[in-house]
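Listed after this line are the structures, all set down as structure tokens.
Two complexes are shown next, each including chain A; its partner changes from chain B in the first to chain C in the second.
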Partner chain A sequence: MIPPRHLRLPAPTAWLFLTPALLLLVVFRLIPALSAVAHAFTDWDGVTAPTAAGLANFGQLAHDPVFRTAVGNNLLLVAAVPVWLLVSLVLALLIHQEVPGWRFFRASFFLPSVLSPVIVGTLFTALLRSDGPVNRGVQLLGARGFRVDWLGNPNTALPTLTLVILWGIFGLGVIVFLAGLAAVPSEILEAGRLDGATGWTYLRHIVVPPLRHVIEFWAVNLVVWSFTSLFAFVYVMTGGGPGYRTMLVEYQLYLQAFELNRMGYACALGTALFCMVFGVVLLQVRLMTGEEE
Partner chain B sequence: MSDRLRPRLQRLGIVLALAGISVTTIYPLLFMLSTALKGRREYLFNRYGLPHQPTFDNFSTVWTAGKFGHYVGNSVLVVAGGVVLSWVVCSLAAYALSHLRFRGRRAMFLVILGSMMIAPQVIIIPLYAMLIRLGLLNHHFGLVLVYATFATPFGTYLLTSYFRSIPGELVEAAQVDGASHLQILRRVILPIGRPALLTLGIFNALWMWNELLFALLILQDDRVRTLMVGVANLRGQYTTNIPLLSAGLFVAALPVLLVFLVFQAQLTKGMTMGAVK
Partner chain C sequence: MAPRTLATAFLLTLLAACSKPPAPPPATTPTPAPSTAPVTLTIWDWHATDPSKPIGKWLAGIDQEFQAAHPGIKLNHVGQSHTEYYEILKATFSAADKATCPDVVMLHQGSRILDQEPSLIALTPYVTDDFRAARVGWDLTCKGYDPKGVPLAVPIAVQGIVWYYNKALLKQAGVDASKPPQTWDAFLAAIAKVKKLGKSGIAVGEKEGFWGEWWINSAWLQCLSDADAKALTAGTLKWTDPRVAPIFEKLKELNDKGCFQDGAMSTPLFPDAGEVFMRGDAAFFLGLISDVAHWKELGEIIGPENLGGMTCPVFKPGQGADRFPTGGAFAYAVTKWSQHPREAFDYIAFVGSDQHADSFLKDVGSFPANQHYDAKLMTDPNAKEIAGWMTAGRAGHQLTEAMPTAVSEALKRECQRILSGQTDVKGAMEAVEKVAEGERARAKGK
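After this line comes the complex of A and B, so read on.
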């Protein structure tokens, strides 16, 4: 596949072909990133020139109760990742056995994850209202007079938000694990069954080992997402409330920057967010390129 | 007897459980459609049943008064621009990374992929400031550039993987015939790579259509606003008019649902790329 030496291209052609991609990435991703870190050390309202502020923003960050709450909420979401993984894995395993109707199940599980978080979030605010279908469903199951304002109640808001997000993406996990399972020789899965391994043992010792790579990949994706891809859910469903019960770091950043015009402080928040996910994303890139060459 | 019955019962239980979960994913969408077809009055006394007197009033209201027709146009423009630009940028880069030999090739591949480390939230403020300076705020092209940028790492990764499976002999043969690299890319690689381009195009169209944060900040003016921002605003304006809200959601979801029905295979491929080798 490697062209013979006399046909190898002069390097300039290759760099010419790479230029558009590199130009976009440098101008709209790298420079803004460096600029964000630089502005984290300034006082800046976004209109007048930024003034140097040293470590003041980070000092304030360390004592900001909202930030602490937001990080806590983010970590709770990360703590839910094993549940997300397990749900998707078990469902994928059941569909993989090709039970009757498996194609339909696969499609219907996949469906929510192609919808915009804006649509999912807005739809569920309607479903979860005190007079909405979810409460109605619970009432029909026998709890008469049952009425919870799922997203407005401080105790239920965060768990509810988490469940809606889970609804929004568990199917993607199913699809990913199905692709992984397709690559596992069926004898391995069958042999485990014949040996009498059931339930948890079967999952841990027969299913997980050949899928390790896929599970790691998906876990890393979910962790990164829970830090950086939930803005739209919070924006349309709770606005971070009630109080700060559903505040996430990325949403606090948005509020500080574009509602309060505290750009410098928001850049410090962004820098902190970057540090939190940096290690995880590094792992993600390594998993995507790991077996290369 | 029971030895044969048990696996069957087990299978039945599994099917029922899966069907239960399917209900939770499909019912909300049916609720949305059924509610969208109800008048405001009917919704008051017939909240959960099918509409007795279906009406399209909600749809015409969101389309005209809610300006959804206008927002759909803006979204289509941005998505089309983003998809096309991403095709051009990523196939050029992927061709270099898969069929050209040069010093630093692997490093470049890692740099492009590694730029994923920079999450949108982290850079949104300087990016916003830069777009103002470039005079691209409230211009569709500004959002197109940003979308193409964020589509670059994955797109390059996807196309590079695919182009690598195309035999180098084809490239050599074309070179011997005197074709330039741009010609080889256009006449040899891209036609063979069509499935990968389709996968990338569908995948990009989907997330660009669905995206909120960049669209919210870069296209603030009502004139240029995209559909998802329109939906988010509709929610703020008509919190209590659920039928109208449902109609808006249905309009916004319909193209995605159609794409899903037709291109499920491509979407599956795009989304599992990287997970499975």
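After this line comes the complex of A and C, so read on.
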């Protein structure tokens, strides 16, 4: 929305305020990103001078089974985004309705969000050990022979990682939705209850419509995060294993760049990752705005 | 002030800040000669991280001695994480600002050194014939794996992979601990007896894949000749060749027969798997002969009298079947960004000197690359036995040490996939061969 003329700043003043942010953006985002795209077309070890490789890196990418596995794993994480959204939304709603102990829950839900992913990962790695407290707890409940290697079993490693990530970030979602709910006129929520809407109906027809833009914003954020910001969890908890079962594109990029000295290929991975995220977000925004129209 | 004036002033200030600073006035005094200027050497390794461990203590003591003997040199010894060491190194070497690059770096012998070749100086001007003759391991620190070739690093230690066993536990299980199981069948039978006690056969840490790599380095001697190993590295023997298969088949067999402790796939090798063995919860442990997880460290916990060492159980009796793999120990190199390569090499030579070879053996419990050590210092029965294997010519090399890092990485991942039931032996061999083929094509292209 364009502000009214009397509120608009003169161009030089606007540029004055914009310049520091633009400078930072150009120096620390745009130039490195463009440099990475340029290096994606080279064979480069990161130390010696790069040599032109044309589309060789992208050709290899198309036939790389590890890349395919990593993309598949990333998409499975994206598929979990609705669950991440729903958990945060329901919990936010309960706190907003001031259920008993809501102040405690509000603080405790947010706590994991202020912990570094390294700490969260280390904590859960210890809890989920084969002889760790989670398995012991289940055994105490009566399942004597129960022992699952949560992070070492190929069937449980990715779902377990997804749940840990959910635990690590759901609190932030709760806060975002609480802020959104605070802006919703209480009469709307109250009217919905008086009209007898409960459970899923209440959530879907009363709560979601006024929160639509907040949900969209948070959904886009989660999708971007699921592609680009889960490195620390994987690094600490599984190293992409067992085998490639929890390999994500960003972790493969790291291995190629820093473990295998293949910076050119890593840049190609980065470029592909950017295109994927951009494509998925574009599709997501189109779908959401399309629904709205 | 008008906004336009304010903006102009700001932009001018910004431009001034970004512009080149004025040149300093010409120096009125000559620059001091390099020999008299104070020198700071930055050394990176993964052992100095923990001075409570014998090797960390050993390095700290050497640093003190060196600085006392070289008052003009100050050492900045930085302990880096072992797990992320090469990633940190890579990031530093790739950085535009080389001022943060260390002078001296610790590296594993073998492909890790050759991978870093663009960042290292050739040590030819410093390595004399006598210096070279006193040490072993040059085949893993010189260009082209040629022991007489251009040295890129100085070997400090001799590493090897040994099967350690807990004598007390074997005895309790009814296995004759004085004669460790030498054959594959005897090995499996011993594990079966240990399992009846409620203990595990082998303590394994496969979270990072290192254990799988150690297994391959230990097992290849049972089914391949040295010529086969060279052919495998060169690509004239494929990873899909039936001669290679027993390495993966026996690994799968161990897994299928439940020889490992629970949770092996998510257990880190260091220190967790070693601790399983040291607690007496497993009878066997694939350990090292130097640095860490070795005869001294293990013996100090379970008692040297309860610790035994053996080579890999023999798959099929034959030539080389009773050998054990050596190589891959640490070495020191000088980076090409060092301003003081002479002093950097002097430091390396000091660490690997005759006197420190003795203390390395005595205090750290590791085998030094410098062969001028006092053999009388070796009193531990396991150390004596391992040294005896070496002098008897039973030392082979590690299969992965001359392989491209990408192939080693693929081997680790495929071992994990076999152990977690995601692939079979054939699938694993084909996957490794595909990576090896790609690496050969890359090398050819270069």
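Operating definition for what follows: the second predicted complex is superposed on the first by the 254 of 293 C-alpha atoms of A that agree within 3 Å, B and C clash if a C-alpha of one lies under 4 Å from a C-alpha of the other, contacts with A are read in each partner's own complex, and residues count from 1 in each chain.
To be clear about the criterion, contacts are C-beta pairs under 8 Å (C-beta built on N, C-alpha and C of every residue); 3 or more make two chains touch, one makes a residue touch a chain.
On a predicted model such as this, the values are computed, not experimentally measured, just so you know.
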Which superposed partner A:Trp15 touches (first chain B, second chain C, both, neither): both
Partner chain in contact with A:Leu151 - chain B first, chain C second, else both or neither: second
Chain B versus chain C as contact partner of A:Leu255, first or second or both or neither: second
First (chain B), second (chain C), both or neither touched by A:Ile165: neither
Partner chain in contact with A:Val223 - chain B first, chain C second, else both or neither: neither
Which of chain B and chain C A:Asp45 touches, first, second, both or neither: second
Partner chain in contact with A:Met263 - chain B first, chain C second, else both or neither: both
Partner chain in contact with A:Gly243 - chain B first, chain C second, else both or neither: second
Which of chain B and chain C A:Leu61 touches, first, second, both or neither: neither
Residue contacts on chain A - larger count, chain B or chain C: B
Chain A residues contacted in one complex by chain B, in the other by chain C: 9, 13, 15, 46, 125, 131, 254, 257-258, 263
Parts of chain B lying in touch with chain A, wherever the complex brings them together: 11, 14-15, 17-19, 21-22, 24-26, 28-29, 31-32, 35, 47-48, 88-90, 92-93, 95-97, 99-103, 105-106, 108-110, 112-127, 129-130, 145-146, 148-150, 152-153, 156-157, 164, 167-168, 171-172, 175, 181, 206, 209-213, 216-217, 228, 231-232, 235, 242, 245-246, 249, 252-253, 256-257, 259-260, 264, 267-268, 271-272, 274-277
Touching residues (chain side chain A, partner chain C) in the complex: 9-10, 12-13, 15-16, 19, 43, 45-48, 60, 65, 125, 128-131, 147, 149-154, 238-239, 241-245, 254-255, 257-263
Complex contacts: residues of chain A adjacent to chain B: 1-4, 7-9, 11, 13-15, 17-18, 20-22, 24-25, 27-33, 35-36, 39, 46, 91, 94-95, 97, 99-101, 104-105, 107-119, 122-127, 131, 133, 136, 167, 171-172, 175-176, 179-180, 182-183, 213-214, 217-218, 224, 227-228, 231-232, 235-236, 250, 253-254, 257-258, 263, 266-267, 270-271, 273-274, 277-278, 281-282, 284-285, 287-289, 291-293
Chain C residues touching chain A - in the complex, by the definition given at the top: 3-4, 6-8, 10-11, 14, 86-87, 90-91, 93-94, 115, 118-119, 206-209, 262-267, 405-406, 409, 413-414, 416-417, 419-423, 431, 438, 445-446
